Amino acid sequence: MYFRSDNQTGASDRVMETLAMANRGTTPGYGDDEWSTRAVDMLKETFGCDLEAFFVLTGTAANSLALSCLVDPWHSILCHAKAHILRDESTAPEFYTGGARLVPISGGDGKLEVRHLEHYFRITEVHAPHNSLAKALSITQAAENGLVYSAGEVASLCEAAHGRGLSVHMDGARFANAVAALGCMPADISWKAGVDVLCLGATKNGGLAAEAVIFFRKGSAEEFSHRRKRGGHLLSKGRLFGAQFLGWLQDGHWLELAGHANGQAARLFSALTSIPGIRLAWPVQANELFVILPVRLAERLLSAGAEFYGWDRGSLPADTTLAADETLIRLVTSFATSDENVDRFCAKAKDLAT
Amino acid sequence: MYFRSDNQTGASDRVMETLAMANRGTTPGYGDDEWSTRAVDMLKETFGCDLEAFFVLTGTAANSLALSCLVDPWHSILCHAKAHILRDESTAPEFYTGGARLVPISGGDGKLEVRHLEHYFRITEVHAPHNSLAKALSITQAAENGLVYSAGEVASLCEAAHGRGLSVHMDGARFANAVAALGCMPADISWKAGVDVLCLGATKNGGLAAEAVIFFRKGSAEEFSHRRKRGGHLLSKGRLFGAQFLGWLQDGHWLELAGHANGQAARLFSALTSIPGIRLAWPVQANELFVILPVRLAERLLSAGAEFYGWDRGSLPADTTLAADETLIRLVTSFATSDENVDRFCAKAKDLAT
Amino acid sequence: MYFRSDNQTGASDRVMETLAMANRGTTPGYGDDEWSTRAVDMLKETFGCDLEAFFVLTGTAANSLALSCLVDPWHSILCHAKAHILRDESTAPEFYTGGARLVPISGGDGKLEVRHLEHYFRITEVHAPHNSLAKALSITQAAENGLVYSAGEVASLCEAAHGRGLSVHMDGARFANAVAALGCMPADISWKAGVDVLCLGATKNGGLAAEAVIFFRKGSAEEFSHRRKRGGHLLSKGRLFGAQFLGWLQDGHWLELAGHANGQAARLFSALTSIPGIRLAWPVQANELFVILPVRLAERLLSAGAEFYGWDRGSLPADTTLAADETLIRLVTSFATSDENVDRFCAKAKDLAT
Amino acid sequence: MYFRSDNQTGASDRVMETLAMANRGTTPGYGDDEWSTRAVDMLKETFGCDLEAFFVLTGTAANSLALSCLVDPWHSILCHAKAHILRDESTAPEFYTGGARLVPISGGDGKLEVRHLEHYFRITEVHAPHNSLAKALSITQAAENGLVYSAGEVASLCEAAHGRGLSVHMDGARFANAVAALGCMPADISWKAGVDVLCLGATKNGGLAAEAVIFFRKGSAEEFSHRRKRGGHLLSKGRLFGAQFLGWLQDGHWLELAGHANGQAARLFSALTSIPGIRLAWPVQANELFVILPVRLAERLLSAGAEFYGWDRGSLPADTTLAADETLIRLVTSFATSDENVDRFCAKAKDLAT
């Protein structure tokens, strides 16, 4: 009954097999190998466009390096109040950008909306060089509360951002889950909607440790390659990344994995909502559930061996309040979550709730 | 009718005379001169305690260098949503701290209160090394809206901060105005109330370009001296700063200047409040007035030669709203503001208001 | 006939198998897993002492992060004129240290010697805060020219460094080769000789991508963990590193691999030196050979399918000069270099030399 | 008998008078005042060209900010082994450039020469992104050993640098002395010779604390203004700088001051060379003398009240050695050095030498 995170499961068999295959023999180093080349080609095919892509080890590195190519150190980056880049990556964005500033423009709940951008610009006068000018917007897909931005929503945000001279970065740690949820083409919620740079995460969804930074606007390659090297993220045995991405993308494997994770979240959702005393803070669209339940029930579930994290109440919808005896928890499903795992948890919850 | 800012007037005669005196002859460089030594001694006398003080050119340098001694690059600094360090100093704090983060914990109005700190700590979980830990609190005295923190208010904030392991920095660009307004001892609202580092500004109140960074907790001297040098703020002819501070502090000159500026603000206040259609957003405690008045009146005053800035409505008290035909302006008085200047402006306002 | 580098071969079978094993099931993330714990325990056993160890992806990250814990941004780091940290890691050390300075104290040839340190201190006056103070010495083991520092040489350098207040960092990208060459205990050329921080590289010698930063002086753990996170090097699936190091260290596997590589270098050496017109720039002690040979022979070997790099003449011994028709190349052997590979190359060289 | 440095004398009367004049009344802040505008106009007139100029407080700030506009953080800056930016400004260049590297390309003696550049490029291969690419050359005028680069020498260096894609920065802390020494136009040894950015120092030659960063290639204004603000070098009472430069430049005052300093150096030179046992390390071209004399004489002079610094033997010409009983000292003259001062010193030296 493991629902803590989707980053604590190993890689999928297929990814591991590709890695094992790629391990044989000698190849040129530093990403000039055949596996990396094929992985980039596969990304081009997947997104249906030309692009520049770079592989790195972690989401924090991917996001921070990507942002450092979009802003100067005296600029600001607008984001959601609960954005991962703001809350969970220490001050890595400041480190890589040389001291640019993250500015939360929303409340703690929901998704970013165009009105948040408009409000920010309405209340923010910028007189150079005294005030920091916003030059980038960062969107997380799927969002921190498990919701998914539709293609239209992404497009509206990008349009509003571009209209103000901002580039758009997408933190796609769960991009695969969003694509699977929407049943759309990867292009629809990325470059076609106006995203300039996408950090596409494989790690949470079947990779071992691999993130791709994808520039849809060409021309950042040289700068990025210097920044990656300085950050110590240029791998000598670059095929480690290439092979992971190749195995992950081929034959729609990545979307299969994400579809499975989303499906298990839906399975949890339908079983849990029928249990009295349990309600969901947000609709379930991808692979995360934010569940409001009695404190006692949560404690009993943990005692019974269920594994999940309590969650920050600041992320509840504005009009939702917890009763004194309620708490908020997060459940995450992954490509490896089994039916049996879900069913046992739900049965246990039903049992303990009464 | 000049009320734009207190940083656009030259130095007081006395400060200029001391500077001229200090200019003669040769002295050791880099602050090892007699003028600088005497200025530091005068600071010790003024604050009634031992201390370490360093002189720099600007408030931005003073604040950023001071903060860089209080936090590591992965820490956060809590401040007011309208704090000068957050709004008006580009990303200098990030530059000097190596990428630490400024976190606004209040709304845009009023002063910082203990409840803001408490709220922040209630909603903010910190798991190292993922989340950035708050290690400093910054208070502006007098505050951005012209209010003055009482000794008790400073003490409460410092106690709350220290209780959480935070150091306290005070941006004292208008510290002199606050002391003059409260009629207290400088120590009462600084080290006795718990402030760890004070940036004492002379520039806005009779200096030419001189700020003192004062550490009440000893032991930061060596680190500060390296940081100042790296920032290019170690002056070879250090007496430039020493002489300014000496002239400024001697015989209570600094408080006389600040008292004059405060008095002129009070004079403006009493004259303006008797004019129909004009109201004050905040009580007038130091040398800044935030005035709500008809748009048409503001325009007429500008046309008549008055000089002032329109101001950010986000700093209005939460329960104050502007009518459609109203606007918000800021008036600042200085040590050089004459009675005649004030009276002409008020007469003109009265005249144009009808 | 592949002798380009030891970082362009995959991982050893054993390392890959351990990785595959570790991939199964869920574990706590971020290095709190059993594999990482066991790997650190194995390091303690290997070095025969208590220590703090952190895993990262690349040598550049390991070296830069390690150095950032030894110096402040206003300090200098002394190193060999051809040190990898100075020549081949872009400005990563400056990035991670916040702008500290690398200072080459030797000529381009040979190894670092105590006299280089002594000469540096003799010609360098430091007046704070104007001049940058040296606070760390960096040694590469095995050295950039393939030589190995004996335990006594390391101890002498460390003693000279410590006597001047410098910490000692060892870039151990080929530390395994050095241990195998000397037939000593790992402790003998690290902490027992006075090394404070060792970057132990597995990547070049049988790992996939794994370096351990090992602090023999305890107390840097918290700072390092923040710096690693900010650099984007904290892996969620931390067992990736743990498993590699475990598989690599167990049963002396790492020294077997290094011993093989060294042996193949010796095999190359004895065959090549019997060929007229070929001489070695430096004795062969680990797994690198620096070979002086006729330009025409080098070209013919490349045409015949041999793979190696031409090398920087600045690293030749001071008393060695190249004739007009001579060139310098580097040959590197690895754990995967076969007898057949070596013998074919030597036969070809013999053949083409005549 | 004060010959320690030219930065320990106050400002010239004329500069102080201009400052006092500028101090009156209110002006726009942050350099938008009339004094600053006039000073920039005067710079354009002085250099006979259009340019962008910014004023800052110190040479360290000027040099570091200027360099930060020429290179990215992964680049290198070539300079003389004794360059002030390398030796005497802590790691300020690294701080402002975000971690670019200073690379000394000469020995410790003499001036930079084209052959130093050529040698550097001959021995330095750059493979991106592993190695740091040189993108700027820094020249000090007058040089650290008191020599002056002729217009032809500057032009040759600039041509060699530009040919390799490097920008040229000139540290002109004693640029006035160089112009006075050469009797040339300021343009001849700056933009006409190919210098891209000149840091023109007034501080050492009659200013109080004022340096101008002058861009002859337009287009860096916006970036510089952000960098200056972030460094805390944007002065609210900007006229402090404007007035100093205006007073300094008007009517050739700056060259008069520099000419006087140079003249006193020449006066010292002719008197000292007639004293047995005294010899000069370098010809005297500007306002610095590097004097080799018996240790005992140096000690006696200090005892007799003379003030000067001992100097680094590493800056001696390659073919000059000190006898065991000899030492090297530096004498610096300034705009304020009187005939009487010089004559007393020389008489004393003559007297004590025998």
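Some notes on this structure:
Labels for the chains are A, B, C and D, by order of writing; each one numbers its residues from 1.
To be clear about the criterion, contacts are C-beta pairs under 8 Å (C-beta built on N, C-alpha and C of every residue); 3 or more make two chains touch, one makes a residue touch a chain.
In this text the structure is predicted, and so the values were computed from the model without any measurement.
Averaging C-alpha coordinates per chain and comparing to chain C, the farthest chain turns out to be B. For the interfaces A-C and B-C, the C-beta contact count is higher for A-C.
Each chain gets one centre point, the mean of its Cα atoms, and the points for chain C and chain D are 41 Å apart. With centres taken as mean Cα positions, chain C sits 36 Å from chain A. Mean C-alpha position of chain B lies 52 Å from that of chain C. Along chain C, residues 73-74, 89-91, 95, 98-99, 129-130, 226, 229-230, 234 each make contact with two or more other chains.
Taken chain by chain, the contacts link every pair, so each chain touches all the others.
Chain A makes touch with chain D in their complex at residues 72-74, 98-99, 128-130, 222-223, 225-230, 234. Of all the residues in chain A, the ones that touch chain C in their complex are 2, 4-5, 7-11, 16, 20, 22-29, 56-62, 64-65, 89-92, 95-96, 203-204, 208-209, 226, 229-237, 239-240, 336. Residue ranges on chain D touching chain C, taken from their complex, read 73-76, 87-91, 94-95, 98-102, 108, 123, 125, 129-132, 312-314.
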